[in-house]
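Would you mind keeping the following structure in view while I ask a few things?
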Amino acid sequence: MRRALIPGSFDPPTTGHLDMIRRTARLFDEVYVVVFDNSRKNNMFAAPVRLELIKLACVPLAGCKDMGRIIADMSQDMLCDYAAEHNIDAVIKGARGGVDFDYEYPMSLVNRSLNPDMETLIMPSRAEYQHISSTAVRELLKYGKPLDGYVPDEIKNRLSDILNKK
Amino acid sequence: MRRALIPGSFDPPTTGHLDMIRRTARLFDEVYVVVFDNSRKNNMFAAPVRLELIKLACVPLAGCKDMGRIIADMSQDMLCDYAAEHNIDAVIKGARGGVDFDYEYPMSLVNRSLNPDMETLIMPSRAEYQHISSTAVRELLKYGKPLDGYVPDEIKNRLSDILNKK
Amino acid sequence: MRRALIPGSFDPPTTGHLDMIRRTARLFDEVYVVVFDNSRKNNMFAAPVRLELIKLACVPLAGCKDMGRIIADMSQDMLCDYAAEHNIDAVIKGARGGVDFDYEYPMSLVNRSLNPDMETLIMPSRAEYQHISSTAVRELLKYGKPLDGYVPDEIKNRLSDILNKK
Amino acid sequence: MRRALIPGSFDPPTTGHLDMIRRTARLFDEVYVVVFDNSRKNNMFAAPVRLELIKLACVPLAGCKDMGRIIADMSQDMLCDYAAEHNIDAVIKGARGGVDFDYEYPMSLVNRSLNPDMETLIMPSRAEYQHISSTAVRELLKYGKPLDGYVPDEIKNRLSDILNKK
Amino acid sequence: MRRALIPGSFDPPTTGHLDMIRRTARLFDEVYVVVFDNSRKNNMFAAPVRLELIKLACVPLAGCKDMGRIIADMSQDMLCDYAAEHNIDAVIKGARGGVDFDYEYPMSLVNRSLNPDMETLIMPSRAEYQHISSTAVRELLKYGKPLDGYVPDEIKNRLSDILNKK
Amino acid sequence: MRRALIPGSFDPPTTGHLDMIRRTARLFDEVYVVVFDNSRKNNMFAAPVRLELIKLACVPLAGCKDMGRIIADMSQDMLCDYAAEHNIDAVIKGARGGVDFDYEYPMSLVNRSLNPDMETLIMPSRAEYQHISSTAVRELLKYGKPLDGYVPDEIKNRLSDILNKK
């Protein structure tokens, strides 16, 4: 049994994140999708809300043929500790270009120094999702723009509900 | 059963290649290491020699615990055709920096357009192997320098034999 | 009639900005130079001051032969909404290197998704202005250094006046 | 009247080239699309064939509303001489990422040193065409793969004819 | 007599910084290692503590054969003013990749515009220190991880003492 | 006594090369400027001609105050062997951007593995010379364009003589 970990802040999760989850689940038996709560960043949504949104987005993937099991979780541990505890074989990070890669590279080396058994793999984003990021979604939300294409349909309505309550 | 493919020209295979093979074999059940013979490039070693060198280098990996089976092969097919024929799930490409990533990215998109079921993952090179490349090895060979560290011990002697015969 | 839009925070406008405005005005009939007031950024100068500085800097360009009309403005709208309202054909962004391009690229794709009729073009900075940025000007101001070459002469004195009043 | 120039080797022209031509023609009154015949490169198709293919691909653009006139041409002159002779205001180069930009940047500075009145603008490729290049098309042709999506329909059949005759 | 300046925030100094200092001291007669106290950044350690840590780390380098004298200092001046006052010939900045270089490049041009006699040289980091940064050290400290390899042994204990007192 | 080495193909030497030589000579006691003759590259000028051109270009630097001695040379050795034989302390390579840096970086690591005592430093090009390269000069020569600004005056006439004789 091989396990992958997709870490992120998922503030909020996007169509691009869901694509990464789906593609990773075709390659591993279990995929942990984990909201790491980095208190230094000023997030738009609280960690439990982000976890709830990931769970909503992943509903259509449950029980798909040829796909590993998806486990959504949140953690305040350091990535390498969480990974060691859950027997993670590979961390999967998305990249939309060389600048993303150069950002991930030293972090992958730090993680290797802390946990030599854990691999880091970089998954190139699909061309059609290259402009989709949590930052872009937050900008669209700020100006009240429709989110079609940017977030999975499953969480579009939930986002509206959350924002209406604010 | 999940299968990965490590394509390359391997002219010659290096310590960095072997590290990639070992790391990939810990994540997949079968790893195809395939010399793709691109006739436009003027290679130093003929494709069958490069295949022989890969096989030599992989001898110490055979039968290792927790590692998938390694299959060395050569092909003149297009990558996506070879992959389809051998039920490859993911192509693994190494990258030593953002420039490498930006080189691999459009190729991964072309392969996706030809074979949507095949994933491409980028494996960041280990820091200590970052300067090791087939180009560097050929340069060292040209000036008669020792190859220690640059190529696996298993193929160092074989390379000397080949070059002495020339 | 074709219209270009040069968006920015212009905090403050620099010699490099003025060069972009001049070069763009030779290619379009109308050039909107617009201070977009992103409240999240902590600007040194208030938006109306930045607008005033742009107007001062553009005085020498008014009525030049073979140059389009320059309109300075400020807005709190989203870029794509402002552009749609003013019938903008192309957004012009400066870039001093590949890193700048990679920063602008996903934003241009987001804008295309919101407003498919609006083009984004990247204008390479002149070599001699490559080190000139609002950030550098603010740093020079902080240490009381002369701004010659960094900002247009038209606004150098105005900047001194403003800072003396503070 | 403002004129743009799209230079290239167009070996062969692709869907991405046609997209650039269409987008440029919406911003300029005349667009010169010029095959520059650089004898050092070993092209797959002769320059007159490449010119013919461009003309074929541009047929659907002729007479479109809100679009400038498209002139296809070939030349063995230096780019800046051709541009001066044809009163070109701006050279338009496509870029798919920062690496492309960094490649174009020094060339734009050389052209500015030779012809200070001529502007260079970089047009970011559309995300969905990011993997499409003449290199990819030649690779697909080499292995007899279908070109759908990679080249305009207008030239797909013509390419087959040419290759069948070889 | 030739003098180099290694500026930084050193929050805290790392094994990578010490390597840069050692390598620079082999090329210059005097090496100034200077904590520039940029009040906008929210540092983990106060400037005098960072200066003390640099001094501790440099103890083993004192009096080494073939090495220039090392002077640790702190300053609130602008870099170019400090350099002019201390007759610095070259500023040495480390870089772990092209992204770092592109960050340093415009700053080196600003410094040249202010102080044409002062050179900037970029020192590529050693491969084995490529993942070591003050940011990584602060992250390790945050989670209580051991710092072996990341900071010089001379300051490891001092860091523990400081943090225990907090 | 500290010695620097500026290696290159210098085909032909440019204003940018001369700037690098001048800047390096202010930091080192001796500067070796060495034409490394890489037989795989198809050079425009023979190595002895390139060496002669460097010598011509460096005439105005001879005997300048505060500058190290400049030694022009040519070699077919591997860089690290030449450096070891001549007691070189640092190799100086120019870079015009991050892409250049990423190209030099692995080579600097290979050289370190062969000769740990030899340092590599990257010298950022001056902004105004950023577009000047041997490639650009050869292109200008090909089309019979004036070389003013691109090559030192000292070698401009010599280049004309050489080409007239061809």
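In this document, chain identifiers A, B, C, D, E and F correspond to the written order of the chains, with residue numbering beginning at 1 in each.
The rule is short, and it goes like this: a contact is a pair of C-beta atoms (placed from the backbone, for glycine too) under 8 Å apart; a residue touches a chain by one contact, two chains touch by 3 or more.
Keep in mind that what you see is a predicted model, and the values were worked out from it rather than measured.
Number of steps on the shortest path from chain B to chain E, with steps defined by chain touch: 1.
Chains making contact with chain B as well as with chain C: A, D, E, F. When every chain is reduced to the mean of its CA atoms, the largest separation from chain C belongs to B. Legend: contact pairs of B-E compared by residue number with D-F, A-E or A-D; the interface matching in over half of them is A-D.
If you compare E-F with A-D, the chain pair joined by more contacting C-beta pairs is E-F.
In terms of the distance between Cα centroids, chain E is separated most widely from D. The pairing of chain B with chain F is characterised as different-residue: of all residue numbers used at this interface, under half are used by both copies. In whole angstrom, the spacing between the mean C-alpha positions of chain C and chain E is 35.
Rounded to whole angstrom units, the spacing between the C-alpha centres of chain A and chain B is 30.
Counting partner chains per residue, chain C shows two or more touched chains at residues 97-99, 102, 105, 109, 112, 127, 130-131.
Chains that are in contact with each other form these pairs: A-B, A-C, A-D, A-E, B-D, B-E, B-F, C-D, C-E, C-F, D-F, E-F. Across the complex, chain B is touched by residues 2, 23, 26-27, 89-90, 92, 95, 97-102, 104-105, 108-109, 112, 119-124, 126-127 of chain A. Put simply, chain B touches chain E in their complex at residues 97-99, 127-128, 130-131. By the touch criterion given at the top, residues 77-78, 81, 99, 102-103, 105-107, 109-110, 112-114 of chain C touch chain A in their complex.
Put simply, chain F touches chain D in their complex at residues 96-99, 130-131, 133, 136, 139, 143, 145, 149.
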